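What follows is chain A paired twice: with chain B in the first complex and chain C in the second.
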Partner chain A sequence: MVGSPVLLIAIPLLAAFMIPLLGMIWKELVRIIPGLVLAFMMISSASMLMYVTNNGTIIQTLAGWEAPWGINLVFSPLTAFLATLMTFMGFIVWLYSYRFKRNVDFEPAKKYFIFLMMLVAGAVGIVITGDIFNQFVFIEITGISAYALTAFYTGRNSAEASFKYLLMGALSSSALLIAIAIIYSQLGTLNMADIASKIHLMPAGYKVTALIFFMMGIGIEAEIFPLNGWAPDAYTEAPGPIGAAFAGIVVKAGVYAMVRMVFTLFDVSGAMDILLTIGLITLIVAETAAIRQEKLKRMLAYSSIGQMGLVFVAFGIGTLEGVYAALFLMLNHAIIKPLLFLSGSQLVFNSKEKLIKEVNGLGKYMPFTAVLFALGSFAIVGLPPFAGFWSKLSVLTAAANEGMLLIIALILIVSVIEIVYYFRVVNRIYFFDKAEDLIPQKPRVNAVIAMSVLGAIILIIGFNPDVVSTVLHNASADLMDTPQYIKNVLSAGQSLTN
Partner chain B sequence: MKKLIVILLLAVTGYFLVDSFMDLGRTGPVVETGVKDFYLDKTVSELKVANTITSIVVNFRGFDTLGEVTVLFLAATALGGILYKRRHHVGERSVLFPSSPIVRAGSKLLFPAIVLLGVYVFIHGHLSPGGGFQGGTIIATGFLLMLLAYDNFSVSHNVLSFIESFAGIFFVLFGFAGMWAGGTFLENFLPVGTMNNLFSGGIIPIVYILVGFKVAAELTGLIYTVLHEKES
Partner chain C sequence: MENQMFEILRYGIYGGSISLILIGLYAALTKRSLIKIVIGLSIVDGGIHLLLIAIGYVKNGTAPIFSPGFENAVDRMVDPVPQALVLTAIVIGFAVTAVALSLVIRLYRHHHTLEIDEIKNLKW
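Moving on to the complex of A and B:
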């Protein structure tokens, strides 16, 4: 085991404070240090994932006070899986954007890399913390990094997108604080496991109000239907790799926080149905909106929202199979959507309006990028033998086992819509003629490596889905087993006091 | 129609919010033995700190404070990146108009007193109300006064960024020191001394002084950035 859970937070924080100083010594360090930190986080969480699979959950207390009193970090199969996924994606995004603004602008590049690193660290913090107020702090860290990255290209549109995101984020923070205040006023504790063990004492009215405000607060990060107004603008206006980071990292953290609330913290009956309904509405609205889009990144953003809807549908089924399917979908979406964003932003690199019709005929001029974009498209709509097929299949079987036939029908209809708008783009790439004045962008070496790693993972999972099934099975069993979670966290504290 | 639905939804949420908060303090918690008694007890018996809020903020929930300090750092960094456009010229339609001689003379007199008060507040964070965040903010108001009084008053961005970075680095390093000495991150590893002494409370005053420096530097930097928008 390399490192410990707290290092996944402390090291990036230390590095973030040091980067402004190191940048004065040698400018290249502002690029190298975040990469090293992200690589360390990736290796450390992967090795801890291995340790957790064999030896059970790691509970780390902080500041010397055990579970209900101090803050603790929980590294269970589920959180380890998500942390590994996020840090891996963070490293890939860093690799892709390593030469970003090189030799041009020092200050923006410094900020870009600090924010990228803190985005990943904040998202990992949301996942591994065992304390709701601490989670709120990490949601703030992630949020502020995300607003700053959205406004990175200082222009009118990106300022508008960022401001929209900022307003909604501020609203979500207040909603979260209200929910936390209600819970603390009734149960006198902020520790998740402690809350979960005492939630049955709380009056039903408070419980429902708190849950609704939690959903409002976290829903904005998780892109659920009425709260996702920021997402299309932010994805479109942020730099390409940041769109990939949003889809692969931030949204996953939001979904985790939401699911942790519903599955572990609250015992409200019918919460699953809320997830299912919200998921279905999000799925249908987003996918029908995606088909009307003319800008490539905007289309990908709506598709990303739709996929999150599908994840919530799978969680809302509520069975172990459903959770497995949802985690599988999250894994696949976290790999495929960033690939689409990275290759897609290469395709529209030199076009002004970033419209879908501007990718016409680029298949001949940018063969490698085009192939990867096509691979991503095939994978995300769920064509066999690519990764997306298996996750969609597992959602459908989970729904079928519960007899939810209407939901299966809806998912399949929506998949057809998805096929239409993705294949439209692939069709344009290969079978249309290129516009005369458009210069194809040759991808840099680091971008090629980043994209081909993602492509390779899609093929590996596609041909051999068993490579991830153990990890996913452990993670889904971990999420469903609330008593074990409570026991893990609180008994670690008791053993310390004795 | 759309607006009607929005108003309706807001009304429903508002009703439940008011309903929950109306008798939130009156009925008392359902769980009487929350974490609060433990905090009150341990603050006096183990940490020897007079200000319970300080001991919660810096010790029990020190990790949150580290996070909040980072939030402030990120916000300050982000603002510097976003505010870039027009420079406001001294004169009409500007925040930097020349101030009256009374303000100039008075601010020179007040500035050291304000900074001294800020330093006092964060050094005595573990003994009296206040602490790093409050003290830092007071110091920043002193700089705000100077910046408003003298339009040629300038603070060095490099110095501010040095203070910010070093305060943050030492905060994390103290966390690591606790890990090395006691086993968990941010654990108190210094002797706590006697209660109500200036030198007591282990690492709590040290961390709060670092927070004070950091907040002061960051807020001053923020004010400076807002007043002196860079030309693109």
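Moving on to the complex of A and C:
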């Protein structure tokens, strides 16, 4: 085991604020240090994932205050899996954006990497914390760095997209704070495990109100239907790798917060049906919107929202199989969608409007990027030898075992829509003629490595889905077992204190 | 009698904080000027902070510190947790407002207006 859970938050935050100073010593440190930090986080998180798989949950108490009073970090199979996934994606995004543009020099790069590290630290914090107010703070850290990164390019309409995101984010974080106030006024505790063990004492009216405010507060990061108005604009206007970071890191943290709340914190009986309904609405609205888009990144953004809808449908099935399918979908989406964003932003790199029709015929001129984009498209719609197939299959099996035939029908219909709009793009890449004035962009070596790692993972999971099944099984069992979670946290006083 | 007065006061504060939240929401959602929207967000934050503080208050409350003369004042000590939460939330609200205002400056430089209706490069 390398490192400890608290280092996953402390080191990136420390490094983020040290970067301006280090940049004074040697400018290249601004680009190198984030890579080292993210690599450390990835290795540390993966090694702790292995430790957790063999030895059970790590609970870390901070500042010596034990569970119900102080803040604790919970590194269970589920949170370890998500933290590893996020830090890995953070590293990939760093690798891709190491010198991502010639005209991005020292000053913007400094800000970019500061906010990238804060984004990863905040998202990892959301996942591993065991305290709802602490989670609120991490949601805000993630949110503020996400607003800043959305507004990164001064030339585009990015400030507008960012302001829109900020407006929704600020209102929903107010809702989150109200939910925390309601819970604290009723139960007098902020610790998640303590809340879960006392939630039956809370009157039903307060419970439902708190749940609704919570969903409003977290739904914005999880891109559920009425709260996802920011997503298409933010994904379009933000730099390409940041779109990948949103899809691979921020959204996953939001989904985790949402399901932890529904599965562990609240015992409201209809909550699963709410998740299922929200998921279906999100899925259908987003996929029908995606097919009408003319900009490539906007289409990918709507597709990302739709995939999150599918994840919530899978969670809403409510069985162990459903949770397994949902986590599998999250894993695949976290790898495939960033690949699409990274390769897609290479494809439209030199075009003005970033329209889908501007990728015409690039297959001959940018063979490697085009192949990876096609691979990502095939994987995300769920063609058999690729990763997406197995997750979609497991969602359908889980729904079939519960006899939810209508849902299966809807998922299959929506998959057809998905196939239409992704294949439309792939078709344009390979079978149309290139516009005369468009210059193909040659990807840099680091970008090629980043994208091919993601492509390789898609193929590995696709041909051998068993490599991830143990981790996913442990994680889904962990999410379903609330009594064990409470016991782990509240009796952890002795174990790992520092 | 005194207790009743305290309860009335307490519900008055709850009502006041909820109306602050609603006023802020109204401002943030209906005003067309970017600056007024940011002010609305700050008012919402203020209302929530007041609500949190009101939750933790007790009658004739003192600071939750065992100081000379207050050894037996456990019943009267106000809950320190909501105050810690509010301190944190104020800092976060400050950061969000700062980011929002810097975005407003950027939008103003780009469009030379603060009216949200005239900034329509993206769909709202």
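Simple rule for what comes next: the second predicted complex is superposed on the first by the 487 of 498 C-alpha atoms of A that agree within 3 Å, B and C clash if a C-alpha of one lies under 4 Å from a C-alpha of the other, contacts with A are read in each partner's own complex, and residues count from 1 in each chain.
Rule of thumb we're sticking to: contacts are C-beta pairs under 8 Å (C-beta built on N, C-alpha and C of every residue); 3 or more make two chains touch, one makes a residue touch a chain.
All figures in this text were calculated on a predicted structure; none of them were measured in a lab.
Superposition of the two structures on chain A leaves chain B and chain C fitting side by side, clash-free. Looking at the shared chain after the overlay, A:N464 reaches neither chain B nor chain C. Residue contacts after overlaying the shared chain place A:V6 against chain B, while chain C stays out of touching range. Once the two complexes are overlaid on the shared chain, A:N427 sits clear of chain B and of chain C alike. Judged by the touch definition given at the top, the superposed model places A:L201 against chain B, while chain C stays out of reach.
Judged by the touch definition given at the top, the superposed model places A:S174 against chain C, while chain B stays out of reach. In the superposition on chain A, A:D233 makes contact with chain C only, while chain B stays out of contact range.
In the superposed pair of complexes, A:E140 makes contact with chain B and with chain C alike.
Shared-chain residue A:N350: touches no atom of chain B or chain C. With the two structures brought together on chain A, the opening angle seen from the C-alpha centre of chain A toward chain B and chain C is 30°, to the nearest 10. Judged by the touch definition given at the top, the superposed model places A:E160 against chain C, while chain B stays out of reach. Number of chain A residues touched is higher for B, counting chain B against chain C. For the pair chain B and chain C, the minimum alpha-carbon spacing after aligning on chain A is 5 Å.
When the two complexes are superposed on chain A, the residues of chain A that touch both chain B and chain C are 133, 137, 140, 144, 147-148, 151, 154, 159, 162, 178, 184-185, 188, 190. By the touch rule above, chain B contacts chain A in their complex via residues 13, 16-17, 19-21, 24-25, 29-36, 38-39, 42, 59-64, 66-68, 70-71, 73-75, 77-78, 80-82, 84, 158, 161-162, 164-166, 168-169, 172-173, 175-176, 178-179, 182-188, 232. Residues of chain A touching chain B in their complex: 6, 9-10, 13-14, 16-18, 20-21, 24, 60-65, 68-71, 107-108, 111, 114-115, 118, 125, 133-134, 137-138, 140-141, 144-145, 147-148, 151-152, 154, 159, 162, 178, 182, 184-191, 198, 201-203, 205-206, 208-210, 212-213. Residues of chain C touching chain A in their complex: 21, 25, 28, 34, 37, 41, 44-45, 48, 51-52, 55, 79, 81-82, 85, 88-89, 92, 95-96, 99-100, 103-104, 106-107, 110, 119, 121-124.
The part of chain A that touches chain C in the complex is made up of residues 133, 137, 140, 143-144, 147-148, 151, 154, 157, 159-164, 166-167, 169-171, 173-174, 177-178, 180-181, 184-185, 188, 190, 233, 237.
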